[in-house]
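Heads up, the next two complexes both have chain A, just with different partners, chain B and then chain C.
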Partner chain A sequence: MTSTTASTRWRLKEPSIIPGFGLTLGFSLAYLCLIILIPLAGLIFRASSLSASEFLSILTDERTLAALKISFGTALIAALINVVFGVLICWVLVRYDFPGRRLIDAMVDLPFALPTAVAGIALSALYAPKGWIGAWFTPFDIRIAYTPIGITIALIFIGLPFVVRTVQPVMEEIDREVEEAAATLGANRFQTVFKVLLPSLLPAIMTGFALAFARGVGEYGSVVFIAGNIPYVSEIAPLLIVIRLEEFNYAGATAIATIMLVISFAMLLIINLIQSWSRGRYGNG
Partner chain B sequence: MADRATRFVNPVDERIGTKIVLTSIGGLYLAFFLFLPLVAVFIEAFRNGAASYWEALVEPDAAAAIRLTLLVAAIAVPLNLVFGVAAAWAIAKFEFKGKAFLITLIDLPFSISPVISGLVYVLLFGSHSVLGPILKSYGIEILFAVPGIVLATVFVTFPFVARELIPLMQDQGSGDEEAALSLGASGWQTFWYVTLPNIKWGLLYGVLLCNARAMGEFGAVSVVSGHIRGLTNTMPLHVEILYNEYNMAAAFAVASLLAALALVTLALKTLLEIRFGAGNAGGRH
Partner chain C sequence: MEVTVSNVTKEFARFPALNDVSLDIRSGELIALLGPSGSGKTTLLRLIAGLDQPTNGKILFGREDASHKSVQERNIGFVFQHYALFRHMTVADNIAFGLNVRPSSTRPPKAEIRKRVADLLEMVQLSGLEKRYPNQLSGGQRQRVALARAMAIEPRVLLLDEPFGALDAKVRKELRKWLREFHDRTGHTTVFVTHDQEEALELADRVVVMSQGKIEQVGSADDVYDKPGSPFVHRFIGEASELPVRVENGEVWLDDRTVGLKADGAAEGPSSLFFRPHDIEFLSGCGGCFDGVVVGSRRLAGARRLELELGGSQYRVEVDVPVDHPAALRSQINFRPKHWQLFSRSV
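Now for the complex of A and B:
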């Protein structure tokens, strides 16, 4: 439809001899609207029909605040732990050669492939007070399942591949000459790794962190079994949405969902900004 | 180590001791957080012997759940496959305004909590909505029925195929298609005989991941399904019900099927990755 417009005028697409632009883009947009955009718009429409005071009273409700705090707090801790160990695992997988490396590399993707409910019941079987691992801690009066620690463990499981799979390809691309230059200039190995290599990995690490964090905040299946779901203690925000829905409290569910969406998108935006800043600083690599 | 002067230490590598320590830390982390939960699923599943394992799978409600899961995946995966190919064609073969924004929109479902993905359909089709009662008067049930489960599954698996194909097709460029078209092939012929063979492994890869998620989705499906036994219970939901009834062996038996699916997915994925490497090297004339 735009192929006949003059080249000086604004046009939707650059000329091309390849056919099918209208068909494929049209279908993609229609499908995108039907499946994703219209339902999401419905949520926003529903949220905007709440009055400001209604919205605020739902959000400042003690139980909502507690659930949001638990969701964001545990996701943050799990993502930080995964950053440390995820980068270490990347290093081992990229730099070292040992028997079974390929198998371990493949298994890192397990949390992507394993259904969350399966992970959830397996983790709670392990960490319950009488479970395989939980039983070790019971004598010390430490409870893992049914506390925020249990939630964090589930989110560590879910988030690990996001960090590894984001950092690994960038680490593989590192030019060994940079390390050799650092060593020649007198840096010891520790300095080379922490002052030369890690800064160049920072954007990838931050992206991995953001992905793991965002996934952790919204995670439901693997958490609900191990969390114990005690209000104010181990009740996550997605579960509170489900509870509000089961009470037919659509306004409550909508308000919590909207605030979760807004905070997640804001976090991703901030991380994107940091990333483009650090790309400008450390880039040209 | 004792005779430091004669021992050569590679300045861009770690000492063997450091390597062993780092590899062990990474290995232990993976063992605790990834392998142990997986092993636990299979051991718990066979706790009461093979006979009760088999019984848990052929019991009518479990069989119905397995059938429903297969049906939902059989509808959702082809839909997202067609969308993925169409979107990748439009995005990779043409330059148009708003392309980056379109890619962001396609990725949107990844950053939305599964519970919210279900919630949007409840708000759209629920008894409080505009659409729900109208459809109901025509005898069409969406929520708490199979169509709702399919829609929620399509939503959460929406980006998988497109995300795999877009970078692949962008990488391959349009040279082959332009050659085919200039030799007189029609648009469809070009797609079937030129593009499709080029992207088939990437396509299979995307379909595999899409299918694993479609069969294992819990949060989104749980919100829209209504949990009617034998009717709207998928396998992950059936696992949850059995678990909450303290029927652990049966819950883990059904879960072990899903875990096996995850393992098969991982194995095929790794195989394709090895194949990919070969395919890319050979395909680049």
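Now for the complex of A and C:
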């Protein structure tokens, strides 16, 4: 009796009727270890060569804090902007049929495909004080390139497809009847969009946000060209890691990386928890 | 609220979905739009709702022309086949939605909305489920939430699009009975669409039989079943056996023999004879009747259905016999329909 309860307790879910669970799970775990866990463990192993006080002093170093703040801050703002305009682009692509729709649809993917350095160089040329767009802002004493604004613009460019590509398929599957139901109940278009459609897209929007944000935190190639990399002002954490590496300060580099890893992981975990909670309520969201 | 559909035509990309349809819906009645898929019944319902605009014709609510009013202005309750509940809202929020979206000048106070929701939940027998989300409910419960949501805005007309189409047979029967009681209690003018004739006959005060974008017949269950107005209605509602006959000298002829049916007042010439397989009498010896050979036999729930060949295997008809009837394959059966109907084929 006790042995059966012990064995059933280890079965977390009803065993599936499809065979091969053990094999595929084993393979998945081994693969994840190889690709993700072992490199990350190496990172933490390296960082653990530091003593606690050394680690803390790197963490509380003004320059580290400033770099982390810029990395996470710009990634957050860029992801929020991408959510707003990404959903808008989805709406246009899903709801309207117009000549050139497929072309625009394909264009959304360009930031995926373009080498990030190319994007970075193009953006910094555009937004430099004498660039095509930057020149417009110079008279107002607004500088875009070589400031956090420039970094944010680069991250918006990089993150847009993540939002569009996650929200679009879900938006396509919205049942027309739900909108019609709202209309028969007296809701105007504005109420239908904001009380019915957007809330039902929320899980997908959050996934898109999380992806764009995570990508923005780790982005390096496109940012370093437009950022100007001025310490305390426009220096991102990934760049600081590279600088430490070039100084042969491997422990310092891994310490910063570990901190980034922990913060990113915590944020993604929270977003995932919120999502699984909402999925439990709304069903397949 | 009376609803008048007057000479309405609806075309989708030049394809006519409704062709010059007129219909008077009386205040307080429960009326069914019945027809096969593609007959235009859902299109007609959506036009009444204002979810689509007619290409031609008018729709009147009472005396007022509603043709160019938006869905929101028409104040109708619409229940969709797949419920169309807002899945991110609780049952209570779903039901209160129509009240919550009203402008603040006409929106009832919060406490009143809460009370209205509680009353409606009680009416649809779902009290205690207000905090649930739609995906935590069964299909039948979801459909009743959808109905409560539609009723919350005190609609002038209640429109139901295949309300039980997505439910299993047992729940469907229960809900059907329940809807009838619900209608009798609330007295709303109700129009529902169905392709299930049994549902339409059992539930509706009047049945509108539709085919190919036109209304074939409007009448009570007795009317459309006992006095079908066209061959289509006879075939579509209930079982039908059909024979090509001729009317001559006030008598019905099958090929070269009379079959003992008087056709007073029917048009002379080629006709189709329709009768119900169960509505026949058996005769021994055939001096003017149908004379068939049994070529097939199937067991139905309460009877046995025989397939008969008539007139030297030219025609086939079906008749029902009691389960214990001794008819064997190839044996002869003489019968005559007790009630029948003739439709002239010379048109």
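Keep this in mind: the second predicted complex is superposed on the first by the 244 of 285 C-alpha atoms of A that agree within 3 Å, B and C clash if a C-alpha of one lies under 4 Å from a C-alpha of the other, contacts with A are read in each partner's own complex, and residues count from 1 in each chain.
To be clear about the criterion, a contact is a pair of C-beta atoms (placed from the backbone, for glycine too) under 8 Å apart; a residue touches a chain by one contact, two chains touch by 3 or more.
Keep in mind that this is a model prediction, so the values were computed, not measured.
Legend: residue contacts after superposition of the two complexes on their common chain; A:36 is shown touching chain B, with no touch to chain C. By the touch criterion defined above, A:200 reaches chain C but does not reach chain B.
Of the two partner chains placed by the overlay, only chain B lies in contact with A:116; chain C stays clear of it. Using the contact criterion defined above for the overlaid structures, shared-chain residue A:191 touches chain C, although it does not reach chain B.
By the touch criterion defined above, A:262 reaches neither chain B nor chain C.
By the touch criterion defined above, A:91 lies against chain B but remains apart from chain C after alignment on the C-alpha atoms of chain A. Shared-chain residue A:180: touches chain B and chain C both.
A simple residue count on chain A separates chain B from chain C, and the partner touching more is B. In the superposition on chain A, A:21 contacts chain B only, with no contact to chain C. Contacts of A:142 after superposition: neither chain B nor chain C is touched. Across the two superposed structures, the residue set of chain A contacted by chain B and also by chain C is 180, 183-184. Residues of chain A that touch chain C in their complex: 175, 177-178, 180-188, 191, 195-196, 199-200, 202, 278, 281-285. Within the complex formed with chain A, the residues of chain C that make contact are 49, 51, 70-72, 75-78, 80, 82, 84-89, 97-98, 101-102, 133-135, 146, 149-150, 152-153.
The touching residues of chain B, counted against chain A in their complex, run 11-14, 19, 22-23, 25-27, 29-30, 32-38, 40-41, 44, 79, 82-83, 86-87, 89-90, 93-97, 102, 105-106, 108-109, 111-116, 119-124, 126, 128-129, 151, 154-155, 158, 174, 177-178, 181-182, 187, 190-191, 209, 212, 215-219, 222-223, 235-237, 239-240, 243, 248, 251-252, 255, 258-259, 261-263, 265-267, 269-270.
Against chain B, in their complex, chain A makes its touches with residues 12-14, 16-21, 23-25, 27-29, 31-32, 35-40, 42-43, 46, 85, 88-89, 91-93, 96, 98, 102, 104, 106-123, 125-126, 132-133, 153, 156-157, 160, 176, 179-180, 183-184, 189, 192, 214, 217-221, 225, 238-239, 241-242, 245, 248, 250, 253-254, 257, 260-261, 264-265, 268.
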